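Structures are listed in the sections that come next.
Shared between the two complexes below is chain A, which has chain B as its partner in the first and chain C in the second.
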Partner chain A sequence: MSDVTASPEAPEPAMAPLPGVPVALPPAASRHRSDLVYYGLRNRKLVVGLAVEALFVLAALFGPVISPDNTTAYYLPHLAPSAQHWLGTDYFGHDVFAQLVVGLRESYLVGALGALCAAFTGMALGFTAGYRGGLLDEVLQMITNIMVMIPSLVLLVVIGAYLKTRGILFEGVFIGLTTWPWVARAVRAQTFTLRSRDFVDLARLSGRRAHSIVIRDIAPNMASYLFLVVVLLFGSSMLLAASYDFLGLGPTNVISLGTMMNQSTQWSALQLHVWWWFVPPGLVLTGMVAALLVANVGLDEIFNPRLREQ
Partner chain B sequence: MSVRVEHLSIAYRTRSGDVIPVDDVSFSVADGEIMGLAGESGSGKSTLGTSLIYLDARMKHLGGLVELDGGKLPIADSRAMRPHRLKEISLIPQYAMSALNPTRKIRRIITDLLRSHGMRDREVMSELKRRIALVGLDISVLDQYPFELSGGMRQRVTLLLSTLLNPSLLIADEVTSALDVSTQRAVGELLIEFRDRGFVKSMITITHDLSILAQVADSILIMYAGRLAEKASTATIIDAPLHPYTQLLLASLPAAGVRYDQTKLTGIPGHPPSLANPPEGCRFRERCPFAFDRCTATPPFEQVAPGHYVACWKVAPT
Partner chain C sequence: MRRYLTRKLITYLLAFFVGATIDWGIPHLMPGDPVQLFLSKFDLEPGGYGALYKTMAQAFGTNLPLWDQYWHFWDGLLHGSLGVSIYAFPDQVTTLIFSAIPYTLALLVPAIVLSYLLGNRLGAAAARRKLLDNTLLPAGYIFQAIPYPWLALVLPYLLGEVWHVFPISGAYDEGLLPAFSWTFIASLIDHWFLPFLTVFIVSLGGWAIGMRNLVIYELENDSSRYLRALGGSERLIRRYAYRNASLPQLSGLALQLGVVVGGNIVTEIAFRYPGLGLLIYNAITDEDYFLLQGIFIFIVIGVLLANFIIDLVYISVDPRTRLSMQGAAS
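== the complex of A and B ==
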């Protein structure tokens, strides 16, 4: 505070050389970002989680290159894993590894679609309800509560009955539009506490527009939370998609991890001891989601300074 | 006349009916005038100050009008008010130290403000740099986050932000309350400096601290329980106050060079009335040593000498 008392003297000498005020180099210019990188690289959970996840992503991206076969080629059925077929073949004689890498891709696609849809809808409604409040908040809360009440599995069966084919796009959007309510609720609650903060009040007093206040003042103050929400949604969308696929409610025209497990069950892979048909997709799915969650815990520790030094 | 407020009444909506903390208030502030607005806690001074710029959801405009530079301010219409905020009428809040978004650098905060008023930062950047130097800060604050600055520095940044677009009227709400005495003086001198350099045309300084006003203000307006009690030049208020409340308020200030271990500091006996159910007539009646039967009627806020307004039956010209 000692510098404040000096201020009455300070203006006069500083005013004299008007144009050429020396611009001191900002010492703190990029400290914020490098801080995150520093703690990020030191966090074992994040590094391990991301490394495992990166492995799967690479497999999904370059799967067809690694895999010697394509999914439609026919071989002898129920071949055990070998150098020729790394994960054997299924009842139809298709190569399991080739299906796995293609299925990975579909899982990521559905996960991303679902997460984006849910995050967008949830945040839009959450911010609106939380910032505006009042009657609009009541209405939006009611819609949210109704969405929570509707069993999404039943909804999927009903909607699916009217569709000729169900694709990846439909499944992703459907998952997104049924999982947003908890995002909306959490975002709304956070917005409620932030909108009464002093800097938001001053922004309002100085004539800033509502959408600009939400985007520039409220959202950045919960950025780490929003980021974690997207990561969590991503994982849960993949799991949901796999369970829909396993039940036979998934896409009808693609191979995914869930449809692989569905097929293996239908053709009695377990009873015939064809473990290479259903264990790999299950393991891969578990690995993908688990790695994401571990990385998520790591991210939490990085964004939250109170968890950092433990 | 830069600012003219006529018969302004503002209410807070509560479940037990309207509470009126600003009741039929009329005054004016001339160009270049720094008007002090003083009163006890709960006398309505902050509500009066804020209502000129932003009515939040709880506040209701009951009547009266506000004119700024000859044009009427649409204070009841928040949407229509938006372009006037910051540009023509601006406020330094009570909480100036926590009024900056912790996740954005000062430069970004300024850019956001300018953009919301349809301006580019290049237009004001050179002027801004001069002013940063003027308040004794370094240019590097622009690339710092608010939490990297001290409380006093943040307050000066807030002062810069709210005067950036040269508003006609600046409302400084308790800007000196959380500061130590020497810093209070520095901030007071900054306010005067800003007025002298024409960054703000006129100013309303809200405080409960009369000693700060004696230093900063050209005129002082005393509020009591939602009504105006007295307005006069600073010298008149300090040396020859007419309203009993002003007299008692000044008498309850400690005198310099007096030790209060033997004598007791006198206050005003009693409490201000509840605004939810205010008494009829003069609101100071209950605590006033000069009260007489006429005080059951509301005294008008009348001019008794040039520029000296009082609301009291004892001093009213009969």
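== the complex of A and C ==
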């Protein structure tokens, strides 16, 4: 299986918003579930990554509850971090820590929504193109290429202009529906290498429908890969959302990590040296995504013995 | 082979047509009226406004039915004209684009190419070497996880506001006029460094991690085993593995360079760097159809060209592609 790269459209790791997608499929040999658990618990990357991620998830779940302040209370502006205000206050006198834990939630929500939408669209198109091949493949690839050429930022502005308020739901779905192309490409390339295998031929001979072959014979053989794709999408959606929010194109009705950065530049936190306003949101987001990536590598090694350290 | 290329060429032409159409359509879907936006910048009497509006709308053709505007777009495009910008009024769209392109290219091409070179070397070196793998890789993940806008806040804050090492906005000192002089060039480089550094840093991790995985696969490959069995040195084996692993990375590089002509909107806004990204942003806020269309055409051509080059590179570099073309020519 190491010659996956032989397909003309090998998955392009650098194409992904978050590259580092595994390039080959794990051997299709049957494995026991207990094996996976055994290697999973012994894999330091997975354990550490998940533990750190769990901390952030807990903060997102319970942070707004334990935070001594809410996001709307007013205090003196630009207070430095202290015991009272753990991360100080911003230009408007709002508590930064309270905003941070609320923003965490929104980031996870956007990430999950974006990942699900992108994974669904990308896989649907990728499987269809890779399995059917021929003209349909060519057409779907063309659609994928066109999708890459559409400037999503401009599209976001245009659609956003028609909406009264832009919410988290809109942002997540938008991100999902614009980032699927690399998923479609990668899934297509993988499907391409699987579709001429004997067991697929056999399934075809037995008269099963195409979609059932894809779901029951092809997808399970790349299940681990698909799982990793979803994890990567999750991280990249959160990062992309931060960029949109930073440009002022994010949700208009909630606080997110990106809108905090946007606000801080608008009210010259840089020039006023109010570092506690813009450093924490980015730092937290870096931690969230990095933990996800590290856990992802751990998973990769578990699914794929060849990547394990020797 | 010829059949393959013709088919590719046809789909690319079709993609160009559809892509150009969509990119023409999106700005036109924006609510609002660019001419009105442009005129609202001046303090006009109501009577004069009406007359001026009528003339301008006629001149730009914004009063025509959409179908006619679409037709004019293709007519102009095929004659090599992208029209006149609305927001920077008497300037030609091409003039604006060509005055912004050097900044974008000088910023993004070195950042992407250098991060590609260094990232791939680091990734390849880290593969299957425990010490490097456990130090370099975690750094790579953190680099990759940094939200770009945050980096574009923190680095200017530290290097600009706190330590005053580099200027944090613009492409050159405001007091200077573009000239071929030492002071101007020094100022250019001074302003160029921070935006370059941020793009370079966020791209580095991705290349390194991708390359590390690819090289591991190559080292586990039968060809590497065979080479080892023949007594090839570790250096030789790694060199071959690197070359084999470069292929997918190269196509990633081509794709990234393909969209370079779109500029990097976040970077250029964060640093007020006058490249194509900032131009796009200004064109969006002023609903400048013609400028947006013009830039998008460049993006479409860039993406398609990059894809086409990847196809050709794969055919010429990787014999397996040629084989699969003959094998799976369905």
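FYI, the second predicted complex is superposed on the first by the 278 of 310 C-alpha atoms of A that agree within 3 Å, B and C clash if a C-alpha of one lies under 4 Å from a C-alpha of the other, contacts with A are read in each partner's own complex, and residues count from 1 in each chain.
The working rule: a residue touches a chain if its C-beta (ideal position, glycine included) is under 8 Å from a C-beta of that chain, and two chains touch if they have at least 3 such contacts.
Note that this is a predicted model, so its numbers are computed, not measured.
J.: Is A:204 in contact with chain B, with chain C, with both, or with neither (first, second, both, neither)?
T.: first
J.: Looking at A:134 after the superposition, I want to know if it touches chain B, chain C, both of them or none. Which is it: first, second, both, neither?
T.: Touch partners of A:134: chain B and chain C.
J.: Quick one: classify A:278 as touching chain B (first), chain C (second), both or neither.
T.: The second partner, chain C, only.
J.: Looking at A:223, would you say it contacts chain B, chain C, both, or neither? Reply first, second, both or neither.
T.: Touch partner of A:223: chain B, not chain C.
J.: Looking at the overlay, what does A:235 touch: chain B (first), chain C (second), both, or neither?
T.: Touch partner of A:235: chain C, not chain B.
J.: Hey, is it chain B or chain C that touches more of chain A?
T.: Higher number of touched chain A residues: C.
J.: Determine, under the contact definition given at the top, whether A:212 touches first (chain B), second (chain C), both, or neither.
T.: first
J.: Return the residues of chain A at which the contacts from chain B and from chain C coincide.
T.: 3, 5-8, 10-11, 14-15, 18-19, 21-24, 133-134
J.: What residues on chain B touch chain A, complex-wise?
T.: The contact residues of chain B facing chain A are 50, 53-54, 57, 81-87, 90-91, 93, 95, 98-104, 108, 112-113, 115-117, 126, 129-130, 133-136, 138-140, 142-145, 148, 150-153, 156, 158, 161-162, 179-180, 182-183, 185-187, 189-190, 193.
J.: Which chain A residues qualify as touching chain B in the complex?
T.: 1, 3-8, 10-11, 14-15, 18-19, 21-29, 32, 133-134, 197-199, 201-209, 212, 216-217, 220-221, 223
J.: Can you list the chain C residues touching chain A in their complex?
T.: Touching chain A: residues 7, 11, 14-15, 18-19, 22-23, 26-27, 29-32, 128, 130, 133, 137-138, 141-142, 144-151, 153-154, 156-157, 160-162, 168, 206-207, 209-210, 213-214, 216-218, 220-222, 244, 247-249, 251-253, 255-256, 259, 262, 265-266, 269-270, 280-281, 284, 292, 296, 299-300, 303-304, 307, 311, 314, 318, 320-321, 323-325, 328, 330 of chain C.
J.: Would you pull the chain A residues touching chain C in the complex into a rising list?
T.: Residue positions touching the partner: 2-3, 5-8, 10-16, 18-24, 133-134, 138, 141-142, 145-146, 148-151, 153-155, 157-158, 161-162, 196, 235, 239, 242-243, 246-247, 257-258, 261, 264-265, 270-271, 273, 275, 278-279, 281-283, 285-290, 292-294, 297, 300, 306-307, 309-310.
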